[in-house]
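Would you mind keeping the following structure in view while I ask a few things?
As written, the chain order gives the labels A, B, C and D, with residue 1 at the start of each chain.
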Amino acid sequence: MDIHEYQAKELLSEFGVTVPRGGLAYSPAQAVYRAKGIDSEHFLVKAQIHSGARSAAGGIITCSGEEEIRKAADELMGKCLVTRQTGPKGQVVHRIYVEEQVTVVKEYYVGFVLDRQMERVVVVASADGGMNIEDRYKEQPESLIRIVVEPAVGMQTFQARWIAFKLGIDKSLLTQTVTTLLGCYRAFRDLDATLIEINPLAVTDDDHLVALDAKMSFDDSALFRRERIANLRDNTQEDPLSRKASDRGLNYVRLEGDIGCIVNGAGLAMATLDLIDIAGGKPANFLDIGVGAQPDVVNKAVNTMLSDENVKVILVNIFAGSNRCDWVAEGLIKAIQKFNIKIPVIIRLAGTNAKTGKKILKDSEVPVILADTMREAAELAVKHVPK
Amino acid sequence: MSILVDKSNKVIVQGMLGEKGTFHTKRIIEYGTNVVGGVIPEKGGSEYLDLPIFDTVRDAVEKTDADTSIIFVSSPFAGDAMMEAADAGIKLCVCITGRIPAQDMIRVKRYVRSFPEADRMQLIGPGSAGIMSPGKALVGVMPAYLYKEGNVGIIARAGTLGFEAAYQLNKAGIGVSTSLGIGSEAITGTNFVELLEWFNKDEDTKAIVMIGEIGGLQEVDAARYCKEHMKKPVMCYIAGLAAPKGKRMGHAGAIITAYGESAAEKIEVLKECGVKVVPDPSSFAECVKEVL
Amino acid sequence: MDIHEYQAKELLSEFGVTVPRGGLAYSPAQAVYRAKGIDSEHFLVKAQIHSGARSAAGGIITCSGEEEIRKAADELMGKCLVTRQTGPKGQVVHRIYVEEQVTVVKEYYVGFVLDRQMERVVVVASADGGMNIEDRYKEQPESLIRIVVEPAVGMQTFQARWIAFKLGIDKSLLTQTVTTLLGCYRAFRDLDATLIEINPLAVTDDDHLVALDAKMSFDDSALFRRERIANLRDNTQEDPLSRKASDRGLNYVRLEGDIGCIVNGAGLAMATLDLIDIAGGKPANFLDIGVGAQPDVVNKAVNTMLSDENVKVILVNIFAGSNRCDWVAEGLIKAIQKFNIKIPVIIRLAGTNAKTGKKILKDSEVPVILADTMREAAELAVKHVPK
Amino acid sequence: MSILVDKSNKVIVQGMLGEKGTFHTKRIIEYGTNVVGGVIPEKGGSEYLDLPIFDTVRDAVEKTDADTSIIFVSSPFAGDAMMEAADAGIKLCVCITGRIPAQDMIRVKRYVRSFPEADRMQLIGPGSAGIMSPGKALVGVMPAYLYKEGNVGIIARAGTLGFEAAYQLNKAGIGVSTSLGIGSEAITGTNFVELLEWFNKDEDTKAIVMIGEIGGLQEVDAARYCKEHMKKPVMCYIAGLAAPKGKRMGHAGAIITAYGESAAEKIEVLKECGVKVVPDPSSFAECVKEVL
């Protein structure tokens, strides 16, 4: 789960990370009000979306004075920002953060991330803060500082010092740097984070080390024990269909094509996409109903699928292990009748009670196309896409 | 023969009380697996599904000599269940439960490694479909009827794709020595390489089907292992060649991603190492037939 | 460092351990006032000293009503309690804890301690709570439940459950037991404790699991980072001379005999005691001035030594490594003159500048007895003890 | 020969800026030890006592090829300093600083053990008097003039008793191969047994003096090791036979105390195992003479 910059800054400041003064606003008037509470001449008005690289997309505006802040906030609110990280559909701005502008002497990059190969938290840092850190890394991988945290003991002071020295941060800021880095590590560990990124971490003209931007992502599997984090979820930043599906216990991923896929299991979902690709088609989405899905789940799945107007063909690929193909067949018939589906529905059933399931579908009046293998199903789906 | 499980394993079930646990425990017993008991804290001393129930894994091991455990405990408590199994001297633990917090898994693996290598518990999963040695034992959630006795080994990260492979082989008249689901979680126990080592030594296994996917480097490690050590044909399907690139947050993820994590890169390395690549998930049987 | 029962209970309750309601008092009047704030018919008035086994020594009095509480408090305040753990000199009561008396159904023993062999925290528990747990352990070691905590991951829930089951605690109290045990472990780890003991941990008639008594000791070496714990120190519970010495940076231990020993280094201190013992004498104390002691330290040491009226002979055994024998000699001469010491002073100097040191002492007017070896020094000291 | 340190060790000093660090670093350099640099965070790039100063141990190791470190860093930061040394690839670390929080030492030892055995740092201390190989190198705080070159090994928990033994041997004309202080803290690095193994292999060591004390079981372990493996005479003094029994708090300490922690029990076990017991701390030289 991702959170907004302002939320990440609030969390990190509790762990000893210094951040500029700022306030959240839901309207231009509130933005002005927030600015009045901060003793500063220059402000940044920052779009709060779940994405980095906002600056290049016009999501961060420098302002002086009430009128400029109002205008900037007005421009950003409701705007759809397309950044290098959002994908082509972009993210709509519903919240704005107004922050004092500090004078920056030097910028750094610091990231904390879970490395699944090493099964450890890895800290990466670079003396070149800013937006194009991946590119820079590809050109000069040795410019990146990297520390692996031994899980039995956690991040140690000497590791934080090492990063500070390698970054070349002025020695007068050593204690501040160590506090910031160890604070981030504790936040990562104590809040079940999967990513903490400060970019840039800046030295100001009055010799403070300040997190000018902050990103945090959290382990979805651990939200059950992090109520405070779970409460930070901003639904407006998620695809509405994806949210709807997840409220119904389904996993929905929106894609760019026209074939809607109902599958069970993430592995089968990937395999189905692969087969559609091989057959020359493009999936509109996939909807994973889980390994042990009950009949009513199929109904919900079809309902969700129909809310996606890009879907021109529905492909159902079920391999029943814990669940049963006859249940799936019955659920499909009910849903097709209930929603009066006109678009082609290609169905492949395998596993437990597959024969019964197929028979139920054949005996019913509903117009579905049955396939024997995954490959056949994918080919049929592609064939039925209207030209 | 088979690897890891056969008729000799004495199996206990941790968390058999829930719907899923009950359903699969019944299936496992029906299959003829030597299930000797269950662990349900607070219910020790009672019976369930005609099995003696114990409060703790230690009690169960003491009373039944169990050496194998399968875990259905819900995800917030599954990490603790795995550590309890390790502490009690369980030799093989299959964790069906998935979606376990990454930090719990870091702890579990650290804990398991704190035992001397000779006593160390073999962990399959979490998020595993389990282990099936057809005709011998089922310690997993596989639909048993899909599996025919034979000599192809299957190792799959995603459970349903393992079922799919077994199903295709079965339709083509090909049987399985042992099939394992190792899970797709960020941090898991036993990986491809360790299981390839087992299969390499198993006389009854003539060929191995690996089913990998995007993310992680274990397919790359497996490819290298095959090149250097494997005496039997291995073929591998990598799921996710057409998977969408996810939305991402920040730069760190991109920076730490290594060569070999994408499906295309995995396939490239597999080919370089002489591992036969299964081109699509409908071709498992055809590919196996070519080498058997 | 040890703390009082009431302090331990306050700390542990913050970590989820249930304790009876109670209040601290410095006088009988305050004890009555405390009791009035607690809705209960029966109370315990408990002497707060740094020792267990208070009950058998009359340090815990059961009361009902204002008058009984006043009387009990009056009896305890200022009393010197000698328990199985205090040693023969006992401890004087300066604080009193007034606590509701709960009705106990069953008592258990739980202890958390650092095991130096294993280099791990060990949890010990027994279904027989109460005072004679060591004896019971010696008779039936298998009656003791023992769990070792792997430091890389900390105490786990399954370990707490295991203890609960082995103790035979009713299963309806399983969650409470797990909360209590894991709470103690976190307190141990987060506060740098070296001992936490709950004895008894009791089940009450209304099905609560309650810590009726609690002891905590802390790692002296870690007090620098545990300010709150350091502030709990109660000087009245320590030997005044020992306190005085420690305020001067010296380590003083009071013993039963008549030879006062000034030594440098804990190892040399033990060796000196061994030699006095072999020579048939008894040390009154030893005072360790540390490995690298400067001249003024000798002065402080002699001063402290003279405050101990049991000292009939002073034995100085110095092996100068980082420090210098000539400094020690000068310091001794000054101190002997300043305090006009009449009792015999036996001195053994070895190591750096030992020859110079001995010469300075010989050339001075002060009446000291020089020895060449440790053994000789110990024998001379014993010989000079007045019969 | 000698054990652990000789002229070939390249030594860095961690925390040489304080009074104690400065005093002993000078002594160590004067003795002829090959000190190649110091680590003082924030002072990297400067010089002190004519030595190049580095910000981190990694830098120092990279620039000087140091393999040995001696730590004078104050106790709140000494745990971090030991881990930094281990991380930087230091092979031998002598921690003079004592009074380190027990939980810090638990972490340090866990961290050191997280390295593969071949790369694992040897830790002497904390609270150690260091290592002295007379005529070769001093990596410790021993008064150098006490030590004569020779073939008796000394291992002492308490620093001053190690000095005392060397002094008595010296007066009797007996020299030392290597003398080590291993510290008396609750949790320490290298113990008696590991050092006995080293001395067992050292051709120039003909006899070993061990100086133990009350508390812990390492003297018992050492006694058993001597019985089974030691090819040279070992004699041992246990300090604290007449030490007062401390005031105690609660029962747990008494319960976990094992047989072999008191001085009398240690002496009993040593005798059973055929280790010569030095009866009092004035008799080191006499005892050694009997066996040489």
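The rule is simple: contacts are C-beta pairs under 8 Å (C-beta built on N, C-alpha and C of every residue); 3 or more make two chains touch, one makes a residue touch a chain.
Here the structure is a predicted model, which means the values were calculated and not measured.
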{"item": "Co-neighbours of chain D and chain C - touch as defined", "value": "A"}
{"item": "Touch-connected components when chain A is not counted", "value": "one piece"}
{"item": "Length of the line joining the C-alpha centres of chain B and chain C, rounded to whole Å", "value": "54"}
{"item": "Centroid distance [mean C-alpha coordinates] between chain D and chain B, Å", "value": "48"}
{"item": "Rounded Å distance between chain A and chain B, as computed from the means of their C-alpha atoms", "value": "28"}
{"item": "In chain B, residues with contacts to at least two other chains", "value": "107, 110"}
{"item": "Two or more partner chains touched - positions in chain C", "value": "151-153"}
{"item": "Topology of the chain contact graph, where touching chains are joined (line, ring, star, complete, other)", "value": "other"}
{"item": "Inter-chain touch pairs (all)", "value": "A-B, A-C, A-D, B-C, C-D"}
{"item": "Partner chain C, residues of chain D touching it in the complex", "value": "20, 23-24, 75-76, 99-107, 109-110, 129, 141-143, 145-146, 156-164, 167, 184, 186-187, 211, 213-217, 239-244, 247-256, 258, 279-283"}
{"item": "Residue ranges of chain A in contact with chain C within the complex", "value": "151-153"}
{"item": "Touch list for chain B against partner chain C, complex", "value": "41-42, 44, 55-59, 77, 80-81, 83-84, 87, 107, 110-111, 114"}
{"item": "Touch list for chain C against partner chain B, complex", "value": "150, 152-153, 156-159, 161-162, 165, 171, 174"}
{"item": "Chain A to chain B touching residues, read off their complex", "value": "2, 50-52, 85-87, 109, 111-117, 119-120, 122, 124, 133-134, 137, 144, 151-152, 189, 192, 194-195, 197, 199, 215, 217, 219-222, 224-225, 253, 255-256, 264-268, 270-271, 273-278, 283, 291-292, 319-322, 350-352, 373-375"}
